[in-house]
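Each chain carries a letter (A, B, C and D) given by its place in the written order, and its residues are counted from 1.
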Amino acid sequence: MPETVEIGLGREARRGYHLDEIALVPTRRTRGSSVVSTSWQIDAHTFELPLVAAPSDAVVSPSTALEIEALGGLAVLNGEGLWARYEDPAEAFAQVCQDGGCSTAQLQRIYSQPVSDELLAQRIADLRASGVRVAVRLSPQHTAALSPAVLKAGADILVIQGTIISAEHVASAHAADEALNLKTFIAELDIPVIVGGCTNYQTALHLMRTGAAGVIVGYGAYSGSTTHAALGIEVPMATAIADAAAARRSYLDETGGRYVHLIAYGDIANGGDIAKALVCGADAVMLGEPLAAAAEAPGQGYYWDATASHPRLPRSELIDLGVAAEDRPQLREVLLGPTADASGERNLFGAVARVMGKCGYSSVKEFQKAELIVSSAR
Amino acid sequence: MPETVEIGLGREARRGYHLDEIALVPTRRTRGSSVVSTSWQIDAHTFELPLVAAPSDAVVSPSTALEIEALGGLAVLNGEGLWARYEDPAEAFAQVCQDGGCSTAQLQRIYSQPVSDELLAQRIADLRASGVRVAVRLSPQHTAALSPAVLKAGADILVIQGTIISAEHVASAHAADEALNLKTFIAELDIPVIVGGCTNYQTALHLMRTGAAGVIVGYGAYSGSTTHAALGIEVPMATAIADAAAARRSYLDETGGRYVHLIAYGDIANGGDIAKALVCGADAVMLGEPLAAAAEAPGQGYYWDATASHPRLPRSELIDLGVAAEDRPQLREVLLGPTADASGERNLFGAVARVMGKCGYSSVKEFQKAELIVSSAR
Amino acid sequence: MPETVEIGLGREARRGYHLDEIALVPTRRTRGSSVVSTSWQIDAHTFELPLVAAPSDAVVSPSTALEIEALGGLAVLNGEGLWARYEDPAEAFAQVCQDGGCSTAQLQRIYSQPVSDELLAQRIADLRASGVRVAVRLSPQHTAALSPAVLKAGADILVIQGTIISAEHVASAHAADEALNLKTFIAELDIPVIVGGCTNYQTALHLMRTGAAGVIVGYGAYSGSTTHAALGIEVPMATAIADAAAARRSYLDETGGRYVHLIAYGDIANGGDIAKALVCGADAVMLGEPLAAAAEAPGQGYYWDATASHPRLPRSELIDLGVAAEDRPQLREVLLGPTADASGERNLFGAVARVMGKCGYSSVKEFQKAELIVSSAR
Amino acid sequence: MPETVEIGLGREARRGYHLDEIALVPTRRTRGSSVVSTSWQIDAHTFELPLVAAPSDAVVSPSTALEIEALGGLAVLNGEGLWARYEDPAEAFAQVCQDGGCSTAQLQRIYSQPVSDELLAQRIADLRASGVRVAVRLSPQHTAALSPAVLKAGADILVIQGTIISAEHVASAHAADEALNLKTFIAELDIPVIVGGCTNYQTALHLMRTGAAGVIVGYGAYSGSTTHAALGIEVPMATAIADAAAARRSYLDETGGRYVHLIAYGDIANGGDIAKALVCGADAVMLGEPLAAAAEAPGQGYYWDATASHPRLPRSELIDLGVAAEDRPQLREVLLGPTADASGERNLFGAVARVMGKCGYSSVKEFQKAELIVSSAR
């Protein structure tokens, strides 16, 4: 039964746990890394790593998408980012990544340039031409308008992602129920759809019922996020992932075996966080900030996501990652190592393989059974 | 049943929760902001925002009262503040808001000037003349002496407010019971009365029984407060509000339907805190420090409240809000946005409307049913 | 039943609470300060304040003992401190309180000067001559040797105090049981004895059975204490006081009404801490560090206690209180106010009277029934 | 029953406790230090102190091994450290301990020099010639290759230690089960074997069943460790030790009386931590960082362990202990005092004897019964 507390007379609340409040407990047996596999398969697509690169302009560009695929992960291009707003986004990137990083007001202005579905289609076509699997993120608000161009251009995977979405959105007093739209929309597509973010059992279950191949848990909280301050929403990720895993079990039962993938997004900074997210029940992790420090990242040492440029209520800040240009590691070092950095922020998936071995498991799915301990964060 | 722990053999204590220990959990469905209303009605008065500006000289002056009303809130003038002590308070404000802020000793001296009921009546008359609804705060100790002038001058709402009050005050061994006085006093008035602050179920219930239209929960703890250090009193606001909401339910039952409004005051710094206070059961929030940073605020970049100038035992300190004069936002930006500040401290009620939508509720009263989660504060 | 947790398989531990984890909850009614009394009576001695000044050389000298008594408290002279080691301790004080404070090694050297029972007797005689009630502290180890001189010189109250003591000390394999000695020793005295410190129910009960008039709870933890680091001992004071209060109830029952006073010592920095210690069950508080900042204090802006000069294993450090000489308040301001300092560290007992009133109680004994709330420390 | 929480629907986790979340509670009686013994016996070896010096190159060299034995403890030489890689390791030490400490990349390079079993045998022979008991640590991976030379050279105790090991290691899909190897390997030896680290009941029990004389609990977490960040593994030591003590009881029962010693390693910084580890059930502690500050330590003011030089995934950093060369204490002061340092980091075992006395116990085995309290760390 979920742990609840009474915060006041007659008012109950769940107790949620953050990833940094839990840790893994190795037990029984250990395995060498050579008998461990971190591979991940969603729909017809197989990846060596359980990794989705977040649709942040600071991380995924057409060129890093190629490289992330080559290293074993899936990169998601933001269909409403700078590459879809500017024919040559170099100048926009230069402004964002100016010395010290641009202000929120500047970011709002730079992102006020309209999205062009022609430009977006061109980016997708270029990516396809280079032979990479193309995943594009659209916001729920603009999916209806932009998806035709995206689909026609040949995207392989569509990611419909807002900070917090539901399967049942009431846009206005008179509009038809968008939940039905989402379900209908996905049913008519030939490619797999990933939807999110969500934060609890019920929303996860309803999103699974839309026919999505994957559900994103969390809204990508990073060190610059201010969503808790602005909106009062916070997602203790260990609890949110475990709840969504419970929804996956319920949905498996009600469908007689349809498995929806969970992709954990937010409060994941290092290899340990990835491992813990997987053990809580995630099939893969979506990473933004941890990849932005790489030398190849378009963010040039800065990280921001779509919430940072919101025109009326920005809910995160562009942050300086604090790594000098000459010290930025290659993406390969960040993902696969080897590394001479002991922070836990590099060789992320080498670390995951190692801890899977220390816990005695040989696949990500088995690893979800590992033991957890709760302790006060150090 | 309330959560209690045994702190020692035979000694029990409730477990209280602060607003920053809880967070909202969006679930089921979402709504667009256009189908959300934040309006609030107390007695015959309707406001677009569930906002009461605190009776701090740093926030409410005759001119900001006009502006706060225009933006949709209710402003409370401190009937024992500088405007009631000085014919022209400009010099006093200049001393308080001197470079770096005045010392507690200076504050004590400035506030040692006696309150004039004539001056107070004049302020009220001027406000009425400008067409604004006039709310005035008096301390319980001076209500008997000052209220005749306040009422005669035509105040619309009377706020009887001390840091912590009760419905039953024993002033001396021989005095009559003031609880009866408060009840009698309110019964004889033609205008609605708001009383407080209180911190628990029982006091809230007793204050409701005085006939008050609204009860204030909390004593306005702000970043300069030292009440916990000085007196050992601390109000975990989530618990205090939820307990007072339980008292409201009890009182609704015993009166067959009289609804007393709860106004949360203290430890509210941003839009997220406001949302959480409403979900815990508040009908509106009283804001001091969050409004003091506005360009129009009389505090000129500083905030203090009545406890800061106490002549024998000051229990808070005047604080420098740390915003340069040229960076101070307009009150409109603070309350309604838009903003290019991602701290969560601006566009406060735009944020509330947005999170109400993300939780799927269309009115403040419904929003009180939203789900909460407890997690360790980040 | 005490709250226990299982820290590992088959290993249980009590959950203890610190004073800063709890807070007072005003409720029901309030009282004006004029109908509140903070007075305290132990044995035949009555004091206006529930205050014992700690036997630290930084706080109690013959001259401050006079002043503390005049202000309403009881001062305890350290019978093994500098006044008993040096005929003219001025030079020793000058070395201890040199600019920046002396080192632990210097402190060890200064306190290596032997205690003289003649000097000690002289100090007591001088104090008696000035008309003050004389309380002297001796360590358990030296009580046998030094108490004859102390008693002969006419001390009014004897304080037998080590950091942690028990009623049953085994000094060596062959020595007689000192527990009997302590009981026998006290039985033969004509003056009241206060003993301590202790940290739990059982030790408190056994110390009460020695015939002591008062028992000290805690070992005087202050901001320079390192006992937890050095020995692994820590006293969550709220729990320790409440447990000792349970022992007092047991002892009242087994003796048919003998009331032993509890004196809380440690982790008390301000008026709020004092109030909370009383509500947990203390009859009075022993204060060291909070008094050392006074202008009259012999510590001249520094604080240290007997554990800081231990010759082999010092367990605290002399600390600089960080108050410039010209800013040091008078003892009267520290204890009784008024003050223009909002830190909670001045007007300590004015604050206690005020919060007793806010909780509706008129005596310290009644105040022990006030409501408590547990919340995470801010 | 172990304390478990549900972190999400259907997902449980143990609650673990760190040493700094617990404290000792003196009770009943006290003892003088002269009637307390801290001695420890494992197999045929008796030591005055329950101390094992960790196999870190920063702590144990052939010369400090002599001194640690003389002071009453057991020193473990790292059989894969610099002394086994360099004929004259002085230059390697000079590089590691260069001003400011070397980088992780440099450490990786310095430790890339191969281990020589001849050099290792020579070190052991030299130590034996000086009359000291010789303990050598090998990693599980290299035990098979290096142990013949170690045994032939005459080591008295073999320590098989990795960060986290199990009794059942699967190295590759086709390899035979190493668990059998470990059991067989130990059965054939004539000298006692200590194995570890482990973190829970089950692994501890299985390691006991290999025939080891001692089991190490923990992986030596120190202030430079990043294992939690890198791998998501963290060991709340109080819980891990108590669980291993439960395994010891189970194993005593199933073997009819074979007692396996527990050696706690990690998160132990001062005398209080040692005392708490013993009370949780350890028979001795393994100390690295606390000894590295000594004047004699080969680390010259720096500390690192084997995880810091891992070639692909370093999981700790070499740290500067921050003690100037002229301020480094003698090993004797660190272990036995006296000291003029009040940090709790010196006179470690004098402190243990003192707190054993304050809790009323005369031997380490009895001390394991002392009372514990859980409180929030200060």
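Simple rule for what comes next: a residue touches a chain if its C-beta (ideal position, glycine included) is under 8 Å from a C-beta of that chain, and two chains touch if they have at least 3 such contacts.
Treat the numbers as computed from the prediction; the structure is a model and nothing was measured.
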Minimum number of chain-to-chain contact steps, chain A to chain C: 2
Rigid-body rotation angle, chain B and chain A, from Cα fit (steps of 5°): 90
Same vs different contact residues, chain C with chain D, by half of numbers used: different
Most distant chain from chain D, judged by the mean position of its C-alpha atoms: B
Distance between the centres, which are taken as Cα means, of chain C and chain B, whole angstrom: 40
Euclidean distance of C-alpha centroids - chain B vs chain D, Å: 57
Where chain C touches two or more other chains, by residue: 15, 17, 239
Footprint of chain A on chain D - complex, ascending: 5-18, 21, 103-105, 108, 164-173, 179, 199-200, 202-203, 206, 226-236, 239, 308, 311-317, 377
Chain D-facing residues of chain A, complex: 1-3, 15, 17, 22-32, 34-35, 201, 238-243, 245-246, 249, 269-276, 279-281, 337-345, 347, 350-351, 354-355, 358, 360, 371-376, 378
